[in-house]
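Both of the next two complexes hold chain A, though its partner changes from chain B to chain C.
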Partner chain A sequence: MTVADAIAEQFDRFEDTPQWLVDVGLIAATMGGIYLLFTIFTILGPSRGAFGAIVNNLQSITFWTALYAMMVLALNLHWGYTGLFNIGVAGFMAVGVYAFAALTVPPTANPPGLGLPLWVGLLGGMVAAALVGAVTALPALRLRADYLAIVTVALSEIIRLAFLSTVLERFTLFANVDFVPDVPLGTGAGRGINIPVNPSIPVKALFYTNPSNPASGGRTGFGSLALGVFEAVGVRETVVVSLAYTIVLIAVVAAFYWLLVRVGNSPFGRVLKAIREDELVANSLGKDTRLFKIKVFMLGCALMGLGGILWEAQRGFTDPTSTTFRPIQTFYIFVALIIGGAGSNTGSVLGGALFASLLFQGPLFVSRIVSFLLDLGSAPSSFADAVGPLLALEVGPFLAYTMNNIEDLRFVLLGIVLVYLMQNRPEGLLGHRKEVAASVPLVDRKGNRPREAAADGGGGDGDE
Partner chain B sequence: MSDSEGVEQSVESAPDDESEAADGVADESEPVDDVPDEADTTADLEDGNAETGDRSGPPELVVDGLVKRFGGVTAVDGASFEVEEGSLTGLIGPNGAGKSTTFNCITGVHDTDGGTVTFRGEDITGLRTSTIANRGLVRTFQIARELEEMTVLENLMLAPRGQVGESLTRSVVPGLRGRVNAQERQLREEVWDTLELFEIDHLAGEYAGNLSGGQRKLLELARALMVDPDLMLLDEPFAGVNPTLEEKLLDRIHGLRDSQNLTFLLVEHDMDLIMEHCEHVIVMHQGEVLAEGPPTAIRNDDRVIDAYLGDEL
Partner chain C sequence: MSGAQIDRLASVGSAVVERPKLALVSVLGGLLAVDLLFRLVGFRLFVGPVGLLGGQLAVERLLTLVWNGVVVGLGIGLAGIGLSMTYSILRFANFAHGDYITSGAFAGWAIAWLVAGVTSGNLAGNLGGLLLIGETSGAPSSSDLGINVVGTPLAIVVGLLVAGVFTIALALAIDRVVYRPMRDAEGIALLIASIGVALALRYVIVFIFGGANRGLTASGPKLILAGVNGKLAVAANQETLTAARQGGPTAGEFYLRLPLVDLGAYSREVLSVTSSELTLVGLSLALMLGLHLLLQRTKLGTAMRATADNQDLARVTGIPTERVVRATWVVGAGLAGASGFLLALERGTLSFNLGWLLLLLIFAAVILGGIGSIYGAIVGGILIGLTNSMSLVWIPSSLSTAAAFLIMIFVLLLKPDGLFGGVTTA
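Moving on to the complex of A and B:
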């Protein structure tokens, strides 16, 4: 029995517990384990387990977990539910972010925008991503599944390079149309674009009287209280603000989760599953699958756009070279989904958490700790210099080299994890679970035919 | 001829029917005393017979000059035939005769290269597969294509037409789901009824991919029925099905035909079965309709014997 099987078996032990409770328990247990691990990391690291450092690190892990969980859920809608092989996630994120920027950046800025409120930007970013999704989907969804993959991956690069292009650095919409006012816009090309109105502002407004420039104004009543309390126990104020933003992200993850459960447990979701299993059968049963695919593709892209905004725009600045928009981003999100189990929402969240903590952030922590504890000295500059001393049984330079290049070596780790999963548990942690697509339970607790009276009791799920 | 115990309904009807069809080519002269609709629902033995002999109404399905080419191969080469409402029609022919391709052309899976398909008086040539299915023409596949990682229940719940919950808005927006849930409960009842009728209710919660070959055939037939079709195209529904199960399936088919006036077009290689159960047989050979008529006539047709049956019968 493999480790993965053993873990999965533990997951299956709670058969009589209600599913949602098991899921909450699973996520809580996973996060608990991750927090414990990173607390230990912090204690072993340079800060020697100062409380402020622990809070900072756990905050950061939660932040990345929430970001990845959000994106993995959106991808789960495409790939897990419907079998749409979208490998252009980063591109749809970029569309969301740039549309958000174009809508919210003040007209006086350089590059300029429309200066609209934050919520218009959020909505507009989602709509823009959905529309780009529709344009992609219309031709590609009529072809075989592989073509969608090719189209989306190419599109995501085209989008990124278009934003990088100086042609779009500054341009004027409607310049040649007399009766419409000119609208100056721009991507800023390689210089990037400042996004002063961004999702972090409302969070900062909780703490500061001047949220766009905290240093220049004072603290709000709540701000002085909360920041004061945390500072008293050694937590820096930036960490507290980030923590508040992370809580917003968690709420968004919960909203995504709810939406996906809603979509999945419905006749609509049933058709999505049928498309994933065998589209011809769905067609032969009278389902016009093209409509379903376009709808679900647009919905997923809208979520990706929103995710992109919450991920990237909150920094107040973006540019096309950001790792957020690179194809590797899509790859990361896919890895997280594969770990968690395609088709399972709880699995998606777990996959996001495990990927973000163990594969994405974990190696960096380990590298810092090893360098700190072993005092490896300066790392050799080339691979040869690192391997050479091994012949003399000197592992120091090799270890230093390894730790120094841990960011790149993460790929090796990712590869190993993927190969292991493919061989031993291709369905991921929770991909084996039956998540039945229907809005009412189809069987009673014992798996028999539900009797009307009994079934109606628990059948509504409180959502009428 | 043909007196198997398991199948009561049409055994005796077959000879009648054949003789009628054999000597009366166009039966316009025959007295038409019952409107098809009312006979539909009540159809017992005699009515069923009258029904099949009655050619006054338009045929359920008309295939006219159907052509389908794959590269240089002409799989279907001008095939023309008709299927009467409420009939059990057999489509036979050697491998590569174009039977499955014909099915695919009728159901819109393939684009045709010529000819027309008319279903219940309407031209359905070139329509989308889903549109055709929604009009009431449903097919099963030669190799059962169940949705493997969906449960048996989900497979059946998928099929019914006109599900309000197939709208994304209705499924997601709070407050709009009441009607969806009400319909889901109603469908659940129908699905469980169907499962019990097919005696696969003990498999309800299983993944369809875990079913045996014969059970898959049952599931596929049950699923197609959930669409509530008027005409069913069955592509070798009994391949790999054991004799007891086969008899059960045939019982169901006859029962449905008699109770709901469902029409069946059936591809099958088992000649005994075709001869025993179908009142009309179409023989395809090299993409063309070689012969058609009642089983007795087909059995004695020299060309059919040469091309397909051999000396076996």
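Moving on to the complex of A and C:
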């Protein structure tokens, strides 16, 4: 009996509550617990629980939660709904971001772009990611799941290496074609690319008269009011602006969630789940499963592209060495999805939240608190200097070294969690919920729900 | 046009229609071959202002690329054998294989440095620094230790053995904890678990050894093949060759004139081979031969091949599959560790993502050769190594890795069974 089992069993108690209410309650309860934990962390930490610090930390946790929830939902469409083992998420994010940059960066900048408005960039980024997805999907979806995994991860590395290569640092489209104006473009290679027109600008425009450089302009009416109120209670102005952007992200997560629920409940979505359970059966029922797989792959990639833009481009700068585009990013998103439970949208959001708070940010907070409370002094510079005193039963240097290298150990923790989950709960927190396979409500005349709805047949029971 | 000619054309046409992918690959391969030939003779084919084919490529450069490709390819092939075996016998793509390679390299080199430290008298006060391969400040450097194949052969041999043994122990321990409880799970569940293992291993290495790329070896002797006034000769350094061209080779230096054809006034350097490269090539070939004998001549080898072919049938026949699985890890991990050690020796540098960066190339080699076929893995490794280095003729070096990945994707799409038609896995 694991903690996850215990949590999952609690669901039975809410049998008569509408499902959406249970889901909202679940997410609210989880976030509440996370907020409580990080409030305690802040109180224990160096800032001694100043109100501004608490708001800052909770904002940052919510920000990461929203980013991961967004990407996990997009991946859920591939892996959870359709069973497509795509581990090239980072590559599709990169395509979205670079397409966005190519479209929106002013032609005068270096590297140059087309200088189109923000919304064109957002759409273009999604279309570009979807097209790359289609090019991948057309041939690759015939492959077995493990081959698809290798192809997608290789593709994401090809994309990253291509953006890193100096070949594409600056190039001109249509250089040798008459009648078409030359279009100078570029990826900036290792130097990266500045993205002045980015998703954070409209949010900043709420507060500042000159959103691309807040310091040079004044505040808008709303800006001086909102920033003034928050500053009065000790919240820094950058935190307020980030908070506003986080709210936008939460809205996008809600939109993704809504879209996925709609897709999942549509006839299209039922075919996807049929493909996940048994592609041969779906095929035998006259569904062109390849077409369905290509469509859903493109849709998921478009969402990944959009997620990438909202994640990376809002910083105003990107380069191919960014962690966002490394394969590790894909694994992060996968871990979050597996924690939450592949196939479940609520699980995806929960997984994003739990991953971002406990696995991704949590260790950093714990390390800071331990270093602060125990006064460990300066950490040894190498493992040998840390282990040496251990032989003399001095734990301090080793602890200091551990806390100093917590970012590396975070990956170790991640790996262990992944193995643990695959061994003990491969379906995650919510991945094994009963799913109603009928399009009409399964309620008898008296309004009683049947005890057992159709099982989702995911398999994997009784392997403990 | 005669009837026979028309028939022949028609049969070519129908072959193209029936096997369009093969036709496409043949056309592309043919174009590259023609282009390579044009480049070697220095001919450039223009259509209008656009240079279509050909260019400049010195024979010496081509030879160097081929040699580099073979060296790296043998390393990849050696590492790929283990991946191929676990893929076919345990039926999952082991994403942690790259980090087994890295673990072996770090364990082996830590001991190699320790041995070199002892033999060069640098041990006192430097135990930690040597075991961490120079991570601590003030630790002796690779040139202090003079560590290379010729200078400290004992360190290299001990290091290689430790690399293999440590990786075997590691793989068996991980199998016991991670994979054995999931023996009946699907391939994808095992694959995801192996990603977890990969992450944990890689960052434990970073935690212990640090994330920096470090120099491993002192520059060692090498062999240079060069033209000396029209005759080919081998020498250990440039000065000897220069002296030989101007009259006679320096006395006491290694110099060997090859009794080959007269090349006129040819006096350029052809190929330079380091002792590390020769070690990698020699030991890889020896290990591969040993494995061949093991699989073909021993009962264990037969059992392994049977299990790879059909696990249920093997079990029915009375083959203890669990023991075969253990033997698979022993052989696969031993070779992975050894290849990690040798590849690091050949590069002269070592960093924590050595194996991860190689992993996709190794997958490419294994899939190209056909999963489950160890000869396929070897041939696939050499082909991928050659692709990786030969692609430099056509594309900039920043894209050569991408080119090898692309080749792998094409192989998966065009011939997912691989060249040697491996067994199918779930």
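Some points to look at:
Please note the rule applied: the second predicted complex is superposed on the first by the 434 of 464 C-alpha atoms of A that agree within 3 Å, B and C clash if a C-alpha of one lies under 4 Å from a C-alpha of the other, contacts with A are read in each partner's own complex, and residues count from 1 in each chain.
One rule holds in what follows: a residue touches a chain if its C-beta (ideal position, glycine included) is under 8 Å from a C-beta of that chain, and two chains touch if they have at least 3 such contacts.
The model shown is predicted, which means the values in this text are computed figures rather than measured ones.
In the superposed model, A:Gly52 makes contact with neither chain B nor chain C. Touch criterion met: A:Leu280 reaches chain B, while chain C stays clear of it. When both complexes are overlaid on chain A, the residue A:Asp288 reaches chain B alone and has no touch with chain C. When the two structures are aligned on the shared chain, A:Gly316 is found in touch with neither chain B nor chain C.
Look at A:Ser266: by the touch rule set out above, it reaches chain B but stays clear of chain C. In the superposition on chain A, contact is made by A:Leu299 with chain B only, not with chain C.
Judged by the document's definition of touching, chain A residues 463 lie at the interface with chain B and also at the interface with chain C. Remark: chain A residues 85, 139-140, 143-147, 149-151, 153-155, 157-158, 161-162, 164-167, 328, 331, 334, 338, 381-385, 387-388, 405, 408-412, 414-419, 422-423, 426, 463 touch chain C in the complex.
Looking at the complex, you find that chain B touches chain A at residues 107, 109, 128-131, 133-134, 138-139, 141, 145-151, 153-154, 157-159, 161, 163-168, 171-172, 174-175, 177-178, 180-181, 184-185, 188-189, 191-192, 196, 201, 204-205, 207, 223-224, 227.
Taken together, the chain C residues at the contact with chain A in this complex read 92-93, 127-129, 131-132, 135-137, 178, 181-182, 184-185, 187-193, 195-204, 206-211, 360, 363-364, 367, 395-396, 398-399, 401-402, 405-406, 408-409, 412-413, 416, 425.
Remark: chain A residues 259, 262-263, 266-271, 273-274, 276-278, 280-289, 292, 295-296, 299, 343, 434, 436-440, 442-443, 447, 449-450, 452, 455-456, 459-460, 463-464 touch chain B in the complex.
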